[in-house]
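Should a chain be cited, it is by its letter among A, B, C, D and E, assigned in written order, with residues numbered from 1 in that chain.
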């Protein structure tokens, strides 16, 4: 459906995108996740045709599109700043693209009405953008893209300007809409919670390269790179000595069971919720700090010269700083594939 | 005492006093005097004669229409030049910074000298005419032609930088994302410009139009020097009147011109007030 | 007559040509300094010469200023109305300013032509009247000038040179767009021309009214605007405007002739000389006057009513009319003198070819009624140009 | 892994549609600029040194420095230049001082008659200078301010104040309220806030307004003459006579035009480098 | 230490603060939490002296301060927009307040050096604010307040302009700094995670009133009002019928044990992590949606006409939509005190 082949982008001497290749299936919802400045927007801009790639090709629905101007591509975009036309009513905003593409009048009306309805905006169609709240504006931006019925929808951090509560509720709405509309979507964000909650597949980027890609569960539970592990939620990078299907931790205790055989020194990304603590008066591990977060409690535990992050459910009793604890690791664990080139951040 | 200074109205008055007070005294007083003089005869009796004259004499009536013409026509020419110019100087090109500094030079050139420059350049038998004569052509009459082309070009020459400056920042204030959004939704470059950028820059453009209109309508030196001898705007007639000591008549014309300018300004305010009431800034204290 | 010189210590009624220096020189020395305005841009070096002579002779310092005539007039009027001392003592002012300056009380009311010793050979026609107005000696012209028709002899053959207004219009129609007529409102050569034309055309009662200098500007305007007498003048202009160019001022006419866009136009004699000297007119430029006469004028050197140094001002004006200085001015500036004992034979021949030939000047020079000329200009605007 | 990747560029990110420079645009614009701005100035200069320039000559056949020599050898011109400079500097400073409090009120305090006050402040830009000049001339005579430098300065401020107030209003509107609150919470009183926060942050606006005021003041003629001449001789008062349209001689007028123009142009070019376009535009354009 | 007594604030006819009374002990870190527009900033402005209360009194360290101008109060504030002076270097920014208070030169130097050091800014002291990243600017704003050694520090959503990762790390730094400096602090936020992680005590505000106040654990686990429960994290408001120390849930199953006796209809705020799910083929409760969030998984469960939010640890197996489940509630639960007047949100 969408095939990005070895796209690069240079700004003068500095390279914003190292060769990037991605292919996306029809109807997929893919999130591009990465820290600020990693090239996410650059990639979207190239897809949209606002910026030209320095090399590489892009094919959409079997057609090579990289030489085309933006208006000739069958792509719609939702902007971080919404980019609603402030001098047009909601309805006019929705109709803008259709007028530009000279869609016939009756068809325009039909599509606009439909988009207004599924985005729950019918009552607001006559309002001007400045008369809308942030969340409503966001929905208009979305509707404006939906109405185009594009082969590909692009989203550039569309929720990042909203406050946390609103972000959560719109996130759910967006996933819902994607299901209803079924458009192939590329969603850019630097918020890992958003990426995990929404997407079929996550593409982790860093420093102009794709670090790895996979489903949220795969990337969270079995990241190949430390960067991915660190970017997708809290993690503890622990050096271990592997022996076949077992690995010895740097502190005393049972060895951890591994998902695959490995020998020698390696690193393991231990999730804070995978570590179990039990009170144990003479253990060398000590809780140094406790932060109550409501649904869970974050403990910092000092052991073998390391500071482990451990979360426990909010329903369990809180361990006070100073408490001595025994550490146990649940389940099979997974070792990182070391590759330094992608770990810089 | 401190209580007095904490009174917000008093504070406001104290703050406004230097600027507004200054203008009230040094500008308002003479203006008021002019108004009074325009309403009395030599003997000091009340009369509307001077206004009546201004509205009945053919030369005066023509003066009024000429003033309007000299106010409006250059604005259109400047607009036609400034809008493309402000689009162009947004692009990146070699020497953009230099150009940015140089194009504003006419702002520092007094009208009188601008008119002199136009005479030297474009007069009958002037530089351009001579250059064209070498290739067997002749320059159409520009300076002192009946349509006032000389006045329009000279006024426009003075106005273009001013307008470009304002319009450029009006365009610059449009978020880049809006331009991109328009492109993304299928608008070509031209459509983006016409349907998104121009409407959004409209407040800036209209302010520029207004100020230049007022400026060129009241300007004296340019029409006097490069305007056609027959149709003269009120501003020129006023100065002429001064020379002959016809104060009452001159003040009456001055009042008409000013009233006109102010009417335009008020109309503008009432029109734009609906569109964007300015944000109320400032908390207490 | 009662003097309106409020700062003058001397009793003017006792001053005569004979005792002038005895009485005035000490008073002037006491004043110690004198401020003068010059309105004519091209006269700067003339006054520099005079000031040099004056300062050496009397040891009185002269503060000299170039001014813009209209601005200066307005300044003096404003000062006078405020009842304050004038910023200027001796003012070299345009000849047409007399009605304005005298009616507003700015003009020092001194019979200069009668009491200043150097005015003993002053043209009697100008001594009490100027342009048909009685000034009682307070408005002495110290420089005379003449409106004329100028042409570039490289393009206008000797036998084509017009001799009358009729010739002129015929020439203009034969050479469309080559005759420049200065707009009356914008230059004296133009208002002089329209007045000359009226003088030429009108007869009988109409002419009497035209030359009745007792009329005020208002009255003249009224008449010019409403009378039928002027119909032939308007007709002439209507016809002329079809083939001639209306220009924006004296200098504009000359520029266009220099640019060879025009070959003939209405001009001032002295301005032509300045332009030729400044190489802004071709050497082939020549002057003539039309039959029945064209108007001449002049510029005055006056004392301001509110002058702080009126005695010194009188002394300066006196020196300006001295034979030596007037002769110098004639020789170096081709500036005509109102002294009867000076004439163009004293001008060197190289200069003389650019002046009006003796055949027409002063024979065809006539007196002007500037307010009427102004009124005709305004009426022209209303009747012909604004339609 | 540090989360702070790069210093955040606070300025607007300029996104170009295509990244390459455009020689064609540059060529076109500079040609137009040359023809419309530089050519007339160059011709004016040629006139000032031309010794006769008749058709069909496209450049003068002979040159002379006589007129420049004559004008420049006159010591009065130099004195007038110095007077002009002094007057313009004082006018510029005084304008700024007078404008600031009013601009503050306009920018920061909501009040009902604001529109009216705005129109009134604009009025001197609308009403023809001569009407004001004569009226003020009379007023000053009665106040004993006529023919004094202070009178000239006072009268010129009438012309420069409106633009300065507008510019400063725009500048002050751009100062975040929180900065002032922050300063007060850190112990600065009204005066401290003014000196340490507001004035420094006004510098760009003051520069723009100062520049325009300076140029306007340097070239002012009508009011200066009527109020100041002959006691106060500024450069325009000395020179405008040569620009009298009815007797204007191009060569002399060109010399004079250059004398009036050059200082203003030099200052304009220098100051143009430190000026912020958006501010100038805001002050002039915002209604 | 700080005593706010019956402060009200009216803007014309509308009341932004209903009588608010708060007292704060020396060294306490108190968070004011509430939705946008609830009056948080208004309260802070009144404390700082930028705005005057319509009625009420404020005492700080035994002195009545409400009539004093801001510069005479011993209070420093950190602004949401940082409000750094853009024309002063970092060092000058820090020194500004000291210069204003005419602290002696040597002392100024010492304090600035100290503040730079504890905020980790020493290397940046010569930079101008615009040359700093958002996080660095925030630290400068903090240092500028610290250097004043005020009796009271106010924070108005100081982290809300930063992105999520940075917010987390600065949040920890801030708590740390508070410990080191020990200044009494009032911290305004609308982010519940921030409030819980940082504060000794949270003051929940809504509609210009204080709804309730208490420690994070108390408010999270035993909220008195539905508003508090809803604002502090996800919750399920479940109507129950109470009988002494037991309450019957709207679905079949064991009654829930209560913390105190009560009779009749009441509402209970059930936290998603307090609900346990077990696969049970014939149960009426059905999982309708599952969102993988990394460290935990959010399930929506349909039962008795309600949609319950339930979170389970990321280490537990994920229940697919359609799965039938049995519902169990852990531990003692707590009933809401009903009071409608404060529940509007």
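In this text, a residue touches a chain if its C-beta (ideal position, glycine included) is under 8 Å from a C-beta of that chain, and two chains touch if they have at least 3 such contacts.
Because the structure is a prediction, the values reported are computed rather than measured.
S.K.: Give the label of the chain whose average Cα location is farthest from that of chain A.
M.R.: Of all the other chains, the one whose centre lies farthest from chain A is C.
S.K.: What pair of chains is linked by the largest number of C-beta pairs in contact?
M.R.: B-D
S.K.: Sort the other chains by how far their Cα centres are from that of chain E and give me the top one.
M.R.: Farthest chain from chain E, going by C-alpha centroids: C.
S.K.: So the centre of each chain is just the mean of its C-alpha atoms; given that, what is the distance between chain A and chain D in Å?
M.R.: Between these chains, centre-to-centre, one finds 54 Å.
S.K.: Compute the distance, rounded to whole Å, between the mean C-alpha positions of chain A and chain E.
M.R.: Distance between chain centres, rounded to whole Å: 26 Å.
S.K.: Taking the mean of the C-alpha atoms as each chain's centre, how many Å separate chain A from chain B?
M.R.: Between these chains, centre-to-centre, one finds 54 Å.
S.K.: Among all residues of chain E, which ones touch two or more of the remaining chains?
M.R.: Only 45, 50, 69, 163, 165 qualify.
S.K.: Mind pulling the residue numbers of chain D that touch at least two other chains?
M.R.: Residues 3, 6, 15, 17, 55, 134, 138, 240, 245, 248, 250 of chain D touch two or more partner chains.
S.K.: Could you list which residues of chain C touch at least two other chains?
M.R.: 69, 74, 186, 248, 255, 258-260
S.K.: Show which residues of chain D lie in contact with chain C when the two form their complex.
M.R.: 51-55, 134, 137-138, 141-142, 146-147, 222, 225-226, 229-231, 233, 238, 240-242, 244-252
S.K.: State the interface residues of chain B toward chain C in the complex, per the touch definition above.
M.R.: Those in contact with chain C are residues 57-59, 62, 123-126, 129, 144, 225, 227, 229-232, 239-240, 242-245.
S.K.: For chain B, which residues are in contact with chain A within the complex?
M.R.: 175, 177-178, 180-188, 191, 195-196, 199-200
S.K.: Provide the residue numbers of chain D that touch chain B in the complex, in ascending order.
M.R.: 12-17, 21-23, 25-26, 28-30, 33, 36-41, 43-44, 47, 55-58, 97-105, 107-111, 115, 117, 119-128, 130-132, 134-136, 138-139, 154-155, 157-158, 161-162, 165, 173, 177, 212, 215, 219, 240, 243, 245, 248, 250, 253-254, 257, 260-261, 264-265, 267-269, 272-273, 277-278, 280-282, 284-287
S.K.: Applying the document's contact rule, which stretches of chain A touch chain B when the two form their complex?
M.R.: Touch list, chain A to chain B: 45, 48-50, 69-71, 75-77, 79-81, 83-87, 96-97, 100-101, 144, 148.
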